[in-house]
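Presented below is the structure to which this report refers.
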Amino acid sequence: ADQKPDFVSGGVLKICTSGEFPPMEYYENPGDKDLVGFEIDVMDAIAKRWGAKAEYVVGDFKGLLPSLDSKRCDLVASGIMITPARLEKYDGIPYFGSHVVLVTAASDTETKVPADVSGKIMAIEAGTTYEKTVADLNAELEAAGKEPIQAQTYPSASGVIEQILVGRATATITQDTTAAYRMLQVPGRLAIPYTYEESENYGIYLRKSDSDRQMLKEAIEALQASGEMKAFLKKWNLPETSTDVSHDVN
Amino acid sequence: MFQLDLFLQAIFSAPLFKGALLTIGLSLCVMAVSLVLGMGLGSMAGSPRRSARWLATLYVWLFRGAPALLVLLFVWNGLPQISEIFRAGWFTPFFAAFLALSLIQIAYLAEILRSAFAAVGHGQREGAAALGMHRWQIFLVITMPQALRIAVPALMNEFISLLKTTSLATVISLKELMTVSQFAIATSFRFLEWYGAALVYYLVIVSVLTLAQNRIEYVLSRGYR
Amino acid sequence: MFQLDLFLQAIFSAPLFKGALLTIGLSLCVMAVSLVLGMGLGSMAGSPRRSARWLATLYVWLFRGAPALLVLLFVWNGLPQISEIFRAGWFTPFFAAFLALSLIQIAYLAEILRSAFAAVGHGQREGAAALGMHRWQIFLVITMPQALRIAVPALMNEFISLLKTTSLATVISLKELMTVSQFAIATSFRFLEWYGAALVYYLVIVSVLTLAQNRIEYVLSRGYR
Amino acid sequence: MNTQTAIQVAGVNKWYGAFQVLKGIDLTVNKGERIVICGPSGSGKSTLIRCMNRLEVHQEGSIIVNGVELTSQLKRIDRVRSDVGMVFQHFNLFPHLTVLENCTVAQRWVRKLAKKQAVEIAMTYLERVHIPEKADKYPGQLSGGQQQRVAIARALCMNPSIMLFDEPTSALDPEMVKEVLDTMISLAADGMTMVCVTHEMNFAREVASEVVFMDGGQIIERNTPDILFSAPTHERTKRFLGKLLH
Amino acid sequence: MNTQTAIQVAGVNKWYGAFQVLKGIDLTVNKGERIVICGPSGSGKSTLIRCMNRLEVHQEGSIIVNGVELTSQLKRIDRVRSDVGMVFQHFNLFPHLTVLENCTVAQRWVRKLAKKQAVEIAMTYLERVHIPEKADKYPGQLSGGQQQRVAIARALCMNPSIMLFDEPTSALDPEMVKEVLDTMISLAADGMTMVCVTHEMNFAREVASEVVFMDGGQIIERNTPDILFSAPTHERTKRFLGKLLH
């Protein structure tokens, strides 16, 4: 077997997660005991490599990283973004690149790029940066003398997708993970005609320790190499290039 | 901690003001329509015909029972799946919210009005009937003013509740008062200032309504002092 | 599209059931306390003392005006900053929600009861007073039963509204009926099944309440048929 | 049926639950007649008079008023009622309207009179019952006798051809009884048909063309006042009239 | 003040807004006296009698009942009221209680009697006014006269030492008037103090120790019935009594 970090003792690997980010990690039904999701599969596999069993500590998203300090858990995996600010206090390994995508109805053959939504309705989740994305696009459309997009905001991600299924909204902007998940749930009814350039990286955090970080990185790379990672991506309907990201920071 | 300038800025910001206008406009429309139809339903509930009573009871049961959120979602997401016409341009979020909230409000108002009508003694209706007045004349001139006197505070309760309930319409993308402040807080994290501003708006609206209520009660209770 | 087994599973799932229990429990506690205190406030509003009337009016204005969300947040996040005692273990989310919702409910019920008391004619109070009955005896035995007959439908309206309003307590981490179903939907995307299940719960609760209301109205209106 | 018949009550039975309040009532009132109904408390006088404009529904028998049979058809009933005035035992004034409004509301809505005209008619009758100065007061601000007078004025304002009075002088003092009596005599002279429940025997003697004595939901005896008062046939009537202290 | 004085009204003035309804009323009622108050409708009779147990508040003057002055102190007023019975002109029965409950509720709450005892007393009085069979009915199911009798029974159940009657026989037929009159005579014989507003002159003649004639908020004349009826001093009294048809 591989080398394993010190904290994997007693055959248990404790992982903090928020458990409410499908398809990365979530409960399939309320009251379920076990989490499921892409990231859960990945963490289970890593634990297995280290000859341990993954144990999930579910908590509020904002309190996840501090849980490392209090040693309530040893890893944080919760679709959490790798940012320089966080890396100052903790070690983190990016392993998943998420893109912003345009989602339309599968039957819609006209909408290819965001600008095609001009004059039509776009549903977006309230309080997200996508609102700004649409506002910028509208400025461009206006400059080009086209009709602006009519943005409707909804309080939840699921509410947004519902608008496309209802046939009211032409498109929405969301993360590819969310889109993948919803496409899994309503097969054949949604499509992703356009993927934005910029991406953000999700990763796994741990307490600062060069050796532990190294071992975690190796474990991830091993999964990638063995093809297990690809199998998980396929299982969760995620783009198969998602995990093709650099595992080093800066 | 509490920044007065931010608070004032919030109060006078265009989105909050627009949100307030939306809240007031929507509530007024819903209330106006519900009062008329609730009155109809309320007197149906006191009708001698069993089928009419039964229908009224069923309606009240269903729409007092169904949470506003679900009715809103049903109207906004469900109706377009039932018929083509609800996908047209006129079926705006405002109209959908108006429809959904009216359906509910009618049920609540009907209950209040039913009991207020019942509280007006038989003698009043008999007195008017003996003068040859028709049913709807009796209703309009004799029963209703006396019933309203009793019902106004409860009706105003429902109006004020409605003001608050419109905030649920955020699920169908309507940006009213409370939604606007919550969005503002999500980005700025200034709880106190934005919620404070929203509170000021609500209190001002409710003050106006309370004054109106006092006035109406005063006028309607002239014969009872 | 609609999957019956999922729907049944949702209905019989433990979290939804627990959520419903929470909703019912919280609403019952709030309603019980508010009825008693609302009655006090309602009769204060009809008191001959100007200061009492003024105080009652102020209370009603403030707590009908303030949105439930803000009162909840104030009680849960604000009170612990004001005094040490609200940081203790007994100050649970349930208790905070109970406190906040009661503060509001009292205002609404007081208004309803005030007008119901006023609707009972002077003659009744005079008749009882002339028999030597004390003020609170008159209130308890003569005025209240007659006022309740008029007020019950409006009171039940407020009770049912309260059931729905408890869902706001999600902001202070209480997982009641509607919150549970919304969480379930966020992950499972099964709108119809989960909202359907929640609707069934609400309708069952409201059915029970409606039956209770009918019964109470029947008993209280015995002398008026 | 004779066109001279104003009210024809035939074989009317009425029950409140199991309690039979009217038992086979037959009574014909011709146009211009003044019938006084008397009898002990609870004998069904109010019920009978209230059946005559269908404020109460009778279960058996027929009641025909001004040639129209009273059934559940609202149209017909409204037609009958607009020509039949009623003064209630409990007055049934509208507490939210002033005395003047009480007297004008039906004139305006039913007779469709102009406001000015309605007010003028109302004031005439209010003067006749001596309370023009209370026109702008509300019923709750009046004494019992004043309320009763408003009730009388309100009914007369509608200019009905038939008047039903249910103890119209019960709350009045002797002076006012005399006034109301005079008013009714002049109405009688104008040919108005009247049915009046009252225990003012002097009143019956002066105004009534016939007196009907009721007991236990039945009409025991019917005759001209002179004969009924001086020589009642039935034992029950004798006993009742014997209690008259006058 | 004499201990023999039951009610002493001295210099009482009362206004409704600008309208003065009582003008300098002075009236002393000794224990065991039966005072009849009569006068035209609207003269202030009901108002005066209602002031005597402070259902109305007088603005000037003093009213002393059973040695207790009526002020705004609730404790005192309750004490006075529990010993003063009242029959209202509009009955004021409790519509949500049965006839029996109407008669027992105050006995149970004020006199603190056991249920059985209260019911027994109530039934005694209901029998006396001839409606024991209506005990389980609600006031809304009674005829006007039956309601009035319940109101009388309800007041008597409290076993008061003073009774205030406001037109207690207005809705009654002659037979019942006689019954109620007999009841009151026997109460009078037991030494009960009574103040009674009525226009039953025979009643006044048989029961009253004194008759008070009111008009326009003033006491015009006060005397024994014999003298007042046969030889009234004032012009106004003469005119009023002259209208008596009897």
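By written order: A, B, C, D and E. Residues from 1 in each chain.
Basically, a residue touches a chain if its C-beta (ideal position, glycine included) is under 8 Å from a C-beta of that chain, and two chains touch if they have at least 3 such contacts.
Model, not experiment: these values are computed from the prediction.
Chemist: Among all the other chains, which ones are in touch with both chain B and chain C?
Modeler: Intersection of chain B and chain C contact lists gives A.
Chemist: Looking at chain pairs A-C and B-D, which one is connected by more C-beta pairs in contact?
Modeler: B-D
Chemist: Quick one: chain B and chain E, Cα centre-to-centre, how many Å?
Modeler: 50
Chemist: In angstrom, rounded to a whole number, how far apart do the mean CA points of chain A and chain D lie?
Modeler: Computed from C-alpha means, the inter-chain centre distance equals 86 Å.
Chemist: Let me have the rounded angstrom distance from the C-alpha centre of chain C over to the C-alpha centre of chain E, please.
Modeler: Distance between chain centres, rounded to whole Å: 46 Å.
Chemist: Got the chain B residues that touch at least 2 other chains?
Modeler: Those would be 77, 149, 224.
Chemist: Among all residues of chain D, which ones touch two or more of the remaining chains?
Modeler: As it turns out, chain D has residues touching two or more other chains at 90.
Chemist: At least two partner chains per residue is the criterion; list those residues in chain A.
Modeler: Residues 156, 162 of chain A each touch two or more of the other chains.
Chemist: Give the pairs of chains that touch; include all such pairs.
Modeler: Per the contact definition above, the touching pairs are A-B, A-C, B-C, B-D, C-E, D-E.
Chemist: Okay, in this complex, where on chain C does chain A touch?
Modeler: 9-10, 13-16, 180, 182-189, 191
Chemist: Hey, which residues of chain B end up touching chain A in the complex?
Modeler: So the residues of chain B in touch with chain A come to 77, 80-81, 87, 93, 170-173, 175, 179, 183, 186-187.
Chemist: Going by the contact rule at the top, pick out the chain C residues touching chain B in the complex.
Modeler: Listed in rising order, the residues are 60-62, 64-70, 73, 108, 111-112, 114-116, 118-119, 149-154, 156-158, 160-161, 164, 167, 178, 191, 195, 198-199, 202-203, 205-207, 210, 217, 221, 224.
Chemist: Could you please specify the touching residues of chain C with respect to chain E in the complex?
Modeler: The touching residues are 123-124, 126-135, 137, 141-142, 145-146, 149, 220, 222-225.
Chemist: Please name which positions on chain E make contact with chain D in the complex.
Modeler: 16, 38-42, 45-46, 89-90, 131, 141-146, 149, 167, 170-178, 199, 201-203, 239-241, 243-246
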